[in-house]
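In what follows, chain A forms one complex with chain B and a second complex with chain C.
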Partner chain A sequence: QVKSKIMSRESRMRATINQKLTEMGERERLKEILRARLTECGWKDQMKAHCKEVIKEKGLEHVTVDDLVVEITPKGRALVPDSVKKDLLHRIRGFLAQHAT
Partner chain B sequence: TMAEQDVCLHLDSIGEVTKEDLLQKSKEILSYIVSDLQNDCPYVGCGESYSDHSTLHAQAKKHNLTVNLTTFRIWCYVCEREVFLEHRPALVPVAAAAHLWLTGMKNIGNSCYMNAALQALSNCPPLTQFFLDCGGLVRTDKKPALCKSYQKLISELWHKKRPSYVVPTSLSHGIKLVNPMFRGYAQQDTQEFLRCLMDQLHEELKEPLSECSVGYDGSDGEDRRDGDRSPSEDEFLSCDSGSSSDRGEGGGVGDSELLIQDECDGIRSPAVISEKERLKERRLPGSPLHGGSQEMDEDADVDTAVEEGFPERRPDNEASMTQPQSTPCSPVRTLQELHPKLSSSPPRSSPLRSSGPAYSFKKGEKISHRLKKKQSHYRSVISDIFDGSILSLVQCLTCDRVSTTVETFQDLSLPIPGKEDLAKLHSSIHQNLPVKTGVCPDTYGSQGWISYIMDSIRRFVVSCIPSWFWGPMVTLEDCLAAFFAADELKGDNMYSCERCKKLRNGVKYCKVLRLPEILCIHLKRFRHEVMYSFKISSHVSFPLEGLDMRPFLAKESPSQVTTYDLLSVICHHGTAGSGHYIAYCQNVINGQWYEFDDQYVTEVHETVVQNAEAYVLFYRKSSEEAVRERQKVVALANMKEPSLLQFYISREWLNKFNTFAEPGPISNHTFLCQHGGIPPNKYHYIDDLVVIVPQNVWEYLYNSFGGGPAVNHLYMCAICQVEIEALAKRRKTEIDTFIKLNKEFQAEEAPTVILCISMQWFREWESFVKGKDNEPPGPIDNSKIGVMKGGHIQLKQGADYGQISEETWQYLLGIYGGGPEIAVRQTVAPADPDTLHGERKIEAETRAL
Partner chain C sequence: MKMEDMPLSGPDNTRLEALAHDIYSELVEDACLGLCFEVHRAVKQGYFFLDETDQESMKEFEIVDQPGVDIFGQVYNQWKNKECECPNCKRLIAASRFAPHLEKCLGMGRNSSRIANRRLASSNNMSKSESDQEDNDDLNDNDWSYGAEKKSDQNSPRRSKSLKHKNGESIWYNYNTGISYETLGPDEVRSLLTTQCGVISEHTKKMCTRSQRCPQHTDEQRRAVRLFLLGPSAPTLPDADAVETDSFDIPDAQPLMSRLQWEDSDISPTDSASSKASTNHSDSRKPKKKKKPSLPLNSGGSSSQSNISISTKKKRPKLSAPPISSIYDDLA
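Here is the complex of A and B:
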């Protein structure tokens, strides 16, 4: 919401990595892998359950998609298993190392 | 006859010679003639491009200085380098500045964006002197090793026998590997090139700031490794990482998480969903979009931010897309344009490291807890010179709560205010209204409504005055003022107040906290939209000396020096569609300004520089005191006082002393281990790391700058050596034992007991014993793979586990402790896919061992 006037080193590097991944189609591949992993470890089901809770809490008539996103995002991030993160990180690193020369 | 008597018969011996031939020959001769500068010595002879008789003469007569009669460059035979008359203590006024031959750069296909940037950087003495004097510190394993290419370039540009131009091919190739955006031969943006180059140099050269890890349990002393741990390992384990953003009190969470962001997807926030939809519609054809472009399907990518309140978005251009197919030769924008974030506060802890069920810890030989890593901070010569920081304050206009953030910057991208903006800026200054230039938050709170009224009055007054009154010329200070001016957070841009727990109107303003040694300023002249790009060509006037940053400085700032002088400026001529970059740089040796236009280097007058269309400017902290300090130290050294002790000082710090206005405290700890010796891995290049200074110099520097520690004796640290050897031995023992035990296990046809081990823990252990990771894993943590059923712990369905024998389990447990012990159920048939899977996993994982 609040714009920063500074683009940090981290965001620049993230953008560069993202660009490299996208250019070579790797990003899409990784997304598919991620989707599969998040489903098989039960994360997706957990999120679905959480959404239902939020809807119950807020009432079906009043809740918007944006509300849901704001509500479940923090939990969603926290619940991604470390093993999944490690796996993705490992793959990204491998890909970048491969294409550095 | 008379004619016959006049003719010289010897003319025959030289054959046909014309006057033109003579002229040509004289030019050739002149090009290598040098003259002895020693008073009263009339000697003139040929130089080294011929038979070098002049050198013989110099050696014979011990006349050290010679001057080339064509270029008037002066050479000292003893110092073996070019010297300049200005360097002599100016007792005699210098008649004319020595003319320097400077090296240009060949254009290898629209590469002026790179050439101009490299020339500008090359004329930053703190950086160049590092590469020239601390060359041994330029080391990296990271490809494509741009630091080595850059080092080579710098040494060519500043060599005593430099060529008239260089071709920076290896840097060109390297940068294309780092960021594919630079591939091809289209024109690029010089500022983006600078960011990419400098980020990569930082990545390659960075070293961790020696930070104490929290104490360890039961092991021998602190386990601190300097430089062995990469930050990415921290990310890997706890998935947190260093971030440039630190929260102040009253702000949000302590650290921010660095998770892969979905940069190219749109904004996702309650107020701005429409933009997300808009962007989705504009996607490049061929990019997979599940479902209709109008609706959000359940799998659509969502971009969400982590940092509270400070997502990043290029303020220049919110709606631009990342179309690479712009008109040729324009500086194209990339995905970096588009990375807005949503504000939300995720919970802090990672489930893995929170306190779980207490396991009985068996004390083994060396139990080390792998604690949650603190943020690793890194520094390099790049960050030392160019990093500054900004303090941002956001105030909620309802509850007056102020939250602060510190952000690190490498350059400042300044907007160029238009006529109305200028009027606003000048009016607040002229009318002495403090509202938008950093009012102290304490007073602001109590005057919230008063300021609001004053603001309304001011706006009214300004609107009555015609804009031409304020004058047409934009100054650099105007651009800075516009950058640091307060932002109103309202409408689409409201602030999510933590105390009020709702969206509120707010105001955000920022100030510089730490001023960098070299301030890089980027003027936002280019604007890229989907269908077109355009450029603001208006002249922005900038000072060559005495840029004063005090109006923009936070009161908490530790920076003492606040004045800057211009070092170099990169200019762009032309349109956004096609243009050319050149650089104007002041030469550190003779103080003259030179224009660098690809291959062509010409000396220019100051006014030429002042009238140029600046795009990127490099300003250097200006301090006469620093110059005096250096002269004092040189004088102390020249005294050649005999000292009983010799003192070692960090070469890198000494370079800082020689080139920085504020070098900071002496940093000898960078070449020492925690025991005060040289770390074994650094010992073989210790000469690159240190310089010997006499006692009087050491004491002066130590008293002036502090830091240290004092080092009189260099020795390789035996303790570290012992630790390294012990670690290697431990790894070998653990691997060998595991392999032996596992082999025995595999050999069993029908094992009676099969125990489970969490693959997550196992991979950590494996990473440690294979040398990828210097931190041993913590206690065995089977919590994730087990589930309570009927009073005891059983293997969870679908758990990520491996199968090991009882012996292996007892061995690992003995070293690391932990648990709980989980056995594979005896009734499980051997053909169970889970069992085989588990077995195969351990096999696969350990095959490489």
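Here is the complex of A and C:
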């Protein structure tokens, strides 16, 4: 019972934070920053090249969104440069420090 | 950026840290998804592979990564050390300095005329200001010394001067290099001629501003000019319609001369041909010294021989003093 209370407290906190993130436009801002950074550092081009391979493999006509998602996402996550990751985390922590009770 | 980007510490903060990572992961995944959608749409719409062609063409335009060459494979400092021989002065000039040098050398740039003007103005009394390199070739042919009488040259740049000159119209500028008789009244002409050489260059239609003993012109020329400008009889009035004649006999410029002397061009030209002209000119005689656009200075025949063709309209090199004809009409 206590556990569930704690959990729900935590999940409530998370929910609040997430809500704040969205409402204050911070989420959108962070998204933009991330996209820009990823393009700058060449991540996007890398991923596109990988996409080409997948497409050639699956065939232009038949490739689906899911195909791509399945192939791209894990690689994408892994290929994010450390600097970008650090920068993002830094900003998020900053936000949390400000708005988490 | 902070010096140390430490994760939040403490029990609560562990959660916060975890939360931060979760948020981060969410963001990254969102980016990946976005890319997938983008690519997928491009594939289905058919523009995903647009930037690819056959292997060969791809090879052709690959980025070049060699030393001394830019990414297109072009050598970018190829001409740095080259020298070119100037066609004018025959010197060897560095490639990057070549264009400015040519400007000065040929006297065609914006600044070169100013510099030349200045130089002439200052050295004018001393040296025989031989045409510098900076003069146009045309002016080089002049027998004029640019004894720049420092008239208030209305700062007409040398360039425009020579342009005007080319048209045979050197009407309203008193260039540094000489006086245009066309803009002078008869009195001024007379006074000028008593002090200066005054011989008119067939090129520029200007009077030599050097002394009466100037070495560039003979006394004969000086006499001719004086006759021409101040002769006993008025010169025939040129036909307003620019009847151009090429030869000009000074001795016969009687009508022209007298015209010059008298304000009202009531001069009856000795030649019938010029009668019309005279009338015309008497009318047009106004106290204007400047800005007489392309004066059709053609003493229409006047006296049979005073075929004065002041080719204001066309440039014609004159052997003798160019006819002044009705220019003076407009002079006060």
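Throughout what follows, the second predicted complex is superposed on the first by the 82 of 101 C-alpha atoms of A that agree within 3 Å, B and C clash if a C-alpha of one lies under 4 Å from a C-alpha of the other, contacts with A are read in each partner's own complex, and residues count from 1 in each chain.
FYI, contacts are C-beta pairs under 8 Å (C-beta built on N, C-alpha and C of every residue); 3 or more make two chains touch, one makes a residue touch a chain.
What you see is a predicted model, and the numbers here were worked out from it, not measured in a lab.
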| request: Would you check which partner chain A:Val65 touches, where first means chain B only, second means chain C only, and both and neither mean what they say? | output: both
| request: Once the structures are superposed on A, label A:Leu89 by its partner contacts, choosing first (chain B), second (chain C), both or neither. | output: both
| If you stack the two complexes on chain A, which partner ends up touching A:Gln98: first (chain B), second (chain C), both, or neither? | neither
| query | Given the touch rule stated above, what does A:Met47 touch, chain B (first), chain C (second), both, or neither? | reply | second
| task | Name the contact category of A:Glu10: first (chain B only), second (chain C only), both, or neither. | result | both
| request: Check whether A:Arg77 is in contact with chain B, with chain C, with both or with neither, and answer first, second, both or neither. | output: both
| task | Quick one: classify A:Thr22 as touching chain B (first), chain C (second), both or neither. | result | first
| note | In this superposition, the partner of chain A with more touched residues, chain B or chain C, is B
| In the superposed arrangement, which partner chain does A:Ile55 touch: chain B (first), chain C (second), both, or neither? | second
| task | Could you list which residues of chain A make contact with chain B in one structure and with chain C in the other? | result | 10, 13-14, 18, 31, 35, 64-65, 69, 73, 77, 85-86, 88-90, 92-93, 100
| request: Spell out the part of chain A that touches chain B in their complex, as residue ranges. | output: 1-16, 18-20, 22-23, 28, 31, 35, 40-41, 64-67, 69-70, 73-75, 77-79, 81-83, 85-86, 88-90, 92-93, 99-101
| task | Using the touch definition up top, name the residues of chain C that touch chain A in the complex. | result | 1-2, 5, 7-8, 15-17, 19-21, 23-25, 27-37, 39-40, 43, 48-49
| List of chain A residues in touch with chain C within their complex | 10, 13-14, 17-18, 21, 27, 30-31, 34-35, 38, 44, 47-48, 51-52, 55, 60, 63-65, 68-69, 72-73, 76-77, 80, 85-90, 92-93, 96-97, 100
| note | Contacts from chain B onto chain A in the complex sit at residues 142-144, 177-181, 195-196, 199, 202-203, 232, 235-239, 241, 243-245, 257-261, 263-264, 268-271, 273, 288, 296, 299, 301-302, 304, 306, 309-315, 334-336, 339, 342-347, 350-352, 390, 392, 394, 407-410, 413, 483, 487, 489, 493-496, 503, 506, 508, 510, 759-760, 763, 784, 798, 800
